[in-house]
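One structure follows; several queries about it will come next.
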């Protein structure tokens, strides 16, 4: 196509190529999901069906982007870990995060409408997400990042379970429940839940306590060599596409999960 | 909430605050819209209803984000110009572009499904967008940026109109039409269109030839002062929210459009 | 030259091209100049000969880099304003600031040793500088930046003049002088200087009160066009190299300075 | 100090904090050292005294910056590897590179003038350096980076030795020498050197063939823990300052060098 004299404006574009050989984590966060959950009548403290929609959305993302090796979600947030050698969009930050935010949103709409046939998404309150990318230079820090989120999930869920327990079982007002919990430690909250609400926190569903882990499971994984032939690369690409995508609600703070799946941080 | 020993991982986050006092343009582009248009049976060379969906989507974006003063769209792309003083998300690039990509996508789904009740969005082929932000230090370059896109719209549409004219009116194959047009200038394409296909390009719809311009129209606009009181700022914020959002298909290369709307580049 | 298999490490390099059509200010700051001034026995509050070394250093920089249109210095800092169209090092930030820091340092050593033949630079205490680049989208903000520095120069010099006046004329200790000045306004300091030290601040040298302004003065300046021929560009390049470089200690907060020299912010 | 209304200009400053837990390499390059070497009459192909000045300069840098664990130099370039946990200037890129460029330049001037009392640095031709920072996520890539430079040193030195050998021993013109070497492989150059110039390349000084390696040598090194007490940190800081700084001209491509010094990449 002919070039116009206006073409120079492209010189103002800036691109951030994420550092090679680092682990890219893309984190998506729901925008205003507090209001969203009210508008669509979420159950409190956790809405199992709405969480299932989030998890199916993330699973679909992993089908759509074979470079995602693992994801972790809790509440209205999801982390996607890309494999270290990932060259998706040449590692361009803006392409990566805007594409992830876009796919996340439309996948969510599709899964929501499939799940809630009588409570379809309305244009007055849309499920939208922002996204950010962070790069981590080594696998230890990636694990700490996931640990951080799982600890956070536990802390938030314990609080929310106690808070809503006091409201729903003991007929407290929100303000009273908040005051009751102010300054309490984990063990205090466990105690309150047990004695006041008759809830043994240990028996709460794993999905609420640990969040959701989705991982690409390989049967015959071999460490990728830097100098692979392009044919080997295609074979691996195919292997990634065909790998089972498995959902669970397990501990990812201890070593066990990672030792069994060396490819995640390879 | 308690802090865990893993919290240090936040130190790896990076943020790009877009330079203050510059014009931010956020450009969204449809991903794989060639395949999308095939999957949903777009008319060629232009599908008026699909373009209307894009335009309604952009209009909804302007309602949702009062900081957008103007937008311009053609084919599967849209530009959003934010007002120069815009402080949305503290001008954080990642927040801005991921949010815009997310809103664009879900708004598009909603408007599409409203328009095409018998051809709803299917999960196998979703409308997704990427987004990028570019900052321009002065209004002259912003105008050149919009001019660039409108010139591009014209060049592409003339080609596509001639290409599909040859196929649809003269029963040429795609390959023959491509060969016929290779190396032709604008006037040649106009000539071919007229003599071979009986189409006077000048009579083609303005929306196809010029793209779509959406602008926030103020009735009583006054230049904003840097040192406005916060009350004045609120009044302006309100004015922006209430301003009419007007769609047209006009020339934005010449001065006329801009002289009449001094607030766009203020 | 042959390429080795290690060459891939270059992919890790990152470059920041400063936004085109913005005003680049490079600011250099002396590192540890408090200790430097003690090691070489500077007179207090101002050492005229040491300041002259700084000013000659900046003037030499302007001879070495024709893209500098103006500089402003005070104490151990200097600002260099590059002309808006400057393409030096393709506007690469790292090249620009490391080169400026390097030239600043060696020029300073040369001028110092020329001025102080009996007090040569010693390897135990070297004059070094760091540098940063800031881009400003329009001329108004550039002026505010220079105003900020000149206001700062005034505030610091008034304080230092009063502080050292109390010590040198009234035999106060440093601690007493500090206490005396704590919480005082400008007019109080003027009053203290006059009544306690017999110093009329207005009569202090302009170099101390206003800092030093160095500007490239053109005789027959014409506004540069964006679409100049390369021959015209060479002529302008030559004009810049040959322009007189003039040192003064004048007000740069009011309009007068800038109106007389339209090329500085062109 | 009082704040002026101009202070807002600081908002335009941008800072790049280099990614934590990565290896920072700062590379300084002489600016226009071809002309510099002509102006000061360097011997060709290598000037032992000028190289000694470069090496002393780098050694002094290591004394001044205890965070440098190793450096490597050849011709007019030097690489400085900072320890992975380095927090110098909070890892701010602009501070780091401008400071390194500045120190490099003035140290060079001091060492040059000490070495060449009859050929002092003249203001018409100053030794200046630019600097860049690159971060590497793991130690393997850091080693590859150093290997790349040492291979480059070898390739350049072999060529230069052959080129100047043909000129100095065989009275060839520069053009003839260049033609003679065009398209030759390493073994051809070795052969030419031996048969035409009577030079056995293997007997050339190690400094020319391998460049210069400077390393901080610890006697009783222990791996640093992430969660060290601040007292331990101070002890380590002291250890770093007191460690011997040892210059050699050894192979750094093979494992031996690195295995013996685990602290370099720790």
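To keep things simple, chains are lettered A, B, C and D as they appear, and every chain counts its residues starting from 1.
We take it that a contact is a pair of C-beta atoms (placed from the backbone, for glycine too) under 8 Å apart; a residue touches a chain by one contact, two chains touch by 3 or more.
Just so we're clear, the structure is a prediction, and the values are computed from it rather than from any experiment.
Among the remaining chains, those touching subunit C and also subunit D are A, B. Two chain pairs, A-D and B-D, are compared here, and A-D has more C-beta pairs in contact (counted per touch definition above).
Taking each chain's centre as the mean of its C-alpha atoms, the one that lies farthest from the centre of subunit B is D.
A separation of 30 Å divides the Cα centre of subunit A from that of subunit B.
Each chain gets one centre point, the mean of its Cα atoms, and the points for subunit A and subunit C are 50 Å apart. Averaged Cα coordinates give subunit A a centre that lies 44 Å from the centre of subunit D. In this assembly, the C-alpha centroid of subunit B lies 50 Å from the C-alpha centroid of subunit D.
The set of subunit A residues touching two or more other chains comprises 12, 14, 19-20, 135, 141.
Only residues 1-2, 4, 6-9, 12-14, 16, 28, 31, 60, 93-95, 97-107, 109-110, 121, 123, 126-136, 141, 144-145, 147-148, 151-152, 155-156, 159 of subunit C touch subunit D when the two sit together in their complex. Put simply, subunit D touches subunit A in their complex at residues 19-22, 135, 137-138, 141. Subunit B makes touch with subunit D in their complex at residues 11-12, 14, 17, 19-20.
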